[in-house]
Amino acid sequence: MMKNPYIPYEVNILDAWYEAPGERCIKTFKVSFADEKVWDTWSHLPGQCAMVGIPGVGESMFCISSSPTEKGYLRFSIMKAGKNTASLHELEAGDSFFIRGPLGNNFPMEEWKGKNIVTIGGGIGQAPLRPVIQWVRDNRGDYGELELVYGARTSQDHCFKAEFEEINQAGDCACHLSIDVEEEEWPHFVGFVPSLLMEVAPKPDNAIAVTCGPPVMINFVLQNLEKLGFAPEQVYTTLENRMKCGIGKCGRCNVGHLYVCKDGPVFSYAQLKEIPEAFA
Amino acid sequence: MVDVNKLRETAKEVISREDVRELIGYRPGTYGFRARPAFVMGPDEAGELIFTPACVNNLASYIVLEEKLPVKRGEEPDLRKVAVMVKGCDSRALVQQMEEKAYERDRILVLGIPCTGVVDMAKVEARFPNILELGEIALEGDRFVLSFNGTKEEVAKEELLADKCKRCRYPTPLVYDELLDSEVERFADDDYSDVEEMEKRAAEDKWAYWEEKFSRCIRCYSCRNVCPMCYCEDCVLDRLQPQWMRRSVDISENTAYHISRAYHLAGRCIQCGECQRVCPVDIPLMELNRKFYKDVEELYDYEPGTNVENPPLLSTFKVEDREDFIM
Amino acid sequence: MAVQKLSKDKVAEALGELCKFRLIAPAKSDDVVVFKRIDDPAEAYLEYGNSTIPPKKFAFPQTETLFRFIKGSPELTEANVEEEGTTVIFGLRPCDARAMAIVDKLFAWDYDDPYYLKRRELTTLVGMACIEPPSVNCFCTSLGGSPFGTEGLDILLTDMGDYYLVQAFTDKGKKLEKTLSSQLEDGSAGDEKKAKEMALASEGKIRRSIDTDGVPEKLPDLWDNELWQKVSAACLGCGICTFLCPTCHCFDIQDEVEEGEGRRCRMWDSCMFSEYTVHASGHNPRPTRKERTRNRVNHKYSYYPGRFDVIACVGCGRCINLCPVNIDILDILEQVVDA
């Protein structure tokens, strides 16, 4: 582990591209440590996060959107929202920024072995689900069926488009896509993600559902999963809150007695049901 | 003195009105001589209201302090009035808020308290320390009578009176819907002798003085939050982008904070003294505010919070405005 | 080593001896008592009740640098707490020392906070027993503390009239006793016995109390109780109750750059401030003072004991004494108990 958890590592941007356009555009960065030796001690699991930033600007918490099975780089997909993300968006391949991590807990990939997994994502909420998908695909024999449900406002807003196409073609898992409003030549579902979920109607037997997206979507997805027969223990999501330290000291990110930065960001619905503040 | 029964009766009538949502007044505190704000939501709660010289808080702050949640779909915004008890000084905060168009007059219902002066609670507690059981303070003539633990003590008014009351020009509220007692004649005036004292000091002296005071500041922002005139929705101090003021606490940022604060209150401070009262490290903020107050009165013949019809001083320009002091 | 005593006419000399360290002691400016760095024994003001601001800032400064950098350069230079040197906090109250022991748990939880822990390692705490409870709102005995409590302290001084009884409990304390060997003299067993009686007498004078049994477990069940609206209605949303709290430890992290030279620093933050939890999107999960007050009380009296087995409040009474609108934690807790 890091000696001083407040000191970040420099990472070089290997590649950077836009996932989605607009005022709140999303940019993906593929990075590697400036000091190669960091790789020797670095190890993360799907769901874990890092504080990402630029000295002089600030830091914000983002999930690591690559799976540890992808070697030699880390990925972050970042939506432009505030000061720090705006500065990060100005960076291109060849530039560098700083990260601290890995932080927080992870999806219990070990526990999920042998189970069917369905991911339900909306917009940038696919970022923490991506490493789960990648992990399962890279350890295909360890898991049952993998099913992907994903939607965004428009086809333009879809993140990881090329990867969804690649997954579709590989045919090793079912991939269900949606957009909120009708578009010409859109071959897939039109409507909100929770409706698509009901359409897909994954079976709860021996299954795990993982969801992430805008709070409204998560709320309806959770309700719909319940209707589909998923028990709260079978449903996982990730939370976010304003964070500063990322290591459970600075106090601000708690929902009830849990620190999102340290006890989370991954929680089962069974855990969150007990905490009224979780969905505030 | 306000008759407590009349106060409670009036409050009961007011809070029973369909167009009144809540009534902000005073109730006994949790220990000693303290009184605290009361938020009366129904007629059965009016019975706890009091008004005594221990009722130091300026309740006008609460009119602008409310944090409104977005109205839920299908629900109507609550447009009922807020009723508020105000002393003379506090009423000027309401007037100034309305001069600045913070809200319309019909949003509030004002219960005016002609005020004969409140205590400086720090002086009371220094004189009578460690009183836990609830005590009472009343003004009888020129003496405060303090009843506690079954005994009564009398102290000359002058000794416990809050400084602001010693120079109060407006003991009777300047705006009210109902006055809870007969008007109080002005019993003091402001000669600005304290400000003149400060003005006479050499610049280095003044700087040394304020440097020591500001270095104590912990930036708890109680002075800002308690101020009835500090009600910007997006305070320049909280802004992170652009960040006008750093959050680090040191003499430089603290000084910038207090100077900004004082300037933002120039021509607006109504001298309720709440900022100085609440400061946990005793920074004499009113000395800054009063300097501006005096300048504004001398330069523009203007007193903030005295007439709802007045346009706010710093947003008006008159050709004859003095400008010889502008560098 | 027998129990020691420090004659009052040797106090200045002892403080002078301690000035070779970074000596922190209570000092008075106007009517405000705060702990500060002392270079001259005459500055120390030992006849005080309790300080307005707790001495926590000497372990957890209100603003501190985490690292420095030159804008655009990848070199980050970690702040060196070691440079601050050996520190003695002299004359703090037992409640404030106990608060440090409580906060230590958080800063050593899972991730060591190197800045805080290094400072604690470098610091010796010399406490001053409360012969009388300093405030009418003291309630340390309700939380497992005492006016003569020793938790967190390396040395406890007890004012015996002409001299202080000096009791050292830790290696650090004993080491400091050695430093002061020219000023200290042997005390007697009778002194210790007398101090015990004085402790009982002082405890007996604590006027306020709360039975915290069951409160940590009960609080989460009262989430939607109307009491939160009532107790927070008068709240101004200022930082007095948190900044003056010896156990409050929340902080913000900010970057500051001036002419290309920058630092990342942290500074006290308050859960009572509205921007404390506001997201970059503008969404605020704790939109009003009601939610913020509820969080403050839950954090101290439920979340913290749930994780660290101790309530994050020592009953110093500062938040009660200095709240501008008389919001009283004991009044809130009584309502919690009665709800």
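Think of it as A, B and C in the order they're written, each chain with its own count starting at 1.
In this section, contacts are C-beta pairs under 8 Å (C-beta built on N, C-alpha and C of every residue); 3 or more make two chains touch, one makes a residue touch a chain.
Owing to the predicted nature of the structure, the values given are computational and were not obtained by experimental measurement.
Colleague: Which chain's C-alpha centroid is most distant from that of chain C?
Modeller: A
Colleague: Select the chain whose centre, defined as the mean of its C-alpha atoms, is least distant from the mean of all protein C-alpha atoms.
Modeller: That would be chain C.
Colleague: On a C-alpha centroid basis, what's the spacing between chain A and chain C, in Å?
Modeller: Using C-alpha averages as centres, the distance is 40 Å.
Colleague: Need the CA-centroid distance for the pair chain A / chain B, whole Å please.
Modeller: Going by mean C-alpha positions, chain A sits 50 Å from chain B.
Colleague: Taking each chain's centre as its mean C-alpha position, how far apart are chain B and chain C in Å?
Modeller: So the centre of chain B lies 31 Å away from the centre of chain C.
Colleague: Which residues belonging to chain A are in contact with no fewer than two other chains?
Modeller: Answer for chain A, listing residues that touch two or more other chains: 82.
Colleague: Can you list every residue of chain B that touches 2 or more other chains, as numbers and ranges?
Modeller: 240 - these are the residues of chain B that touch more than one other chain.
Colleague: I need the residues of chain C touching at least two other chains; which ones are they?
Modeller: Touching at least two other chains: 252, 254.
Colleague: Applying the document's contact rule, which stretches of chain C touch chain A when the two form their complex?
Modeller: Touch residues, chain C against chain A: 66-67, 69, 71, 74, 76, 78, 106-107, 109-115, 220, 223-224, 249-255, 257, 262, 264, 266, 269, 271, 276-281, 285-286, 291, 295, 298-299, 302-303, 306-307.
Colleague: Would you pull the chain B residues touching chain C in the complex into a rising list?
Modeller: 29-32, 34-37, 39, 57, 61-62, 65, 67, 69, 122, 129-132, 212, 216, 218-222, 224-226, 238, 240, 246-250, 274, 277-278, 280-282
Colleague: Write out the stretch or stretches of chain B touching chain A in their complex.
Modeller: My answer: residues 240-241.
Colleague: Spell out the residues on chain A that touch chain C in their complex, using ranges where they run on.
Modeller: 1, 3-8, 10, 34, 55-60, 81-82, 84-85, 96, 240-242, 244-245, 247-252, 254-257, 262, 276-277, 280
Colleague: Please name which positions on chain C make contact with chain B in the complex.
Modeller: Per the touch definition, chain C meets chain B at residues 29-32, 34, 52-53, 62-63, 135-137, 207-208, 230, 233-234, 236-240, 243-244, 252, 254, 256, 265, 267-268, 270, 273-275, 287-289, 320, 322, 324-328, 330-331.
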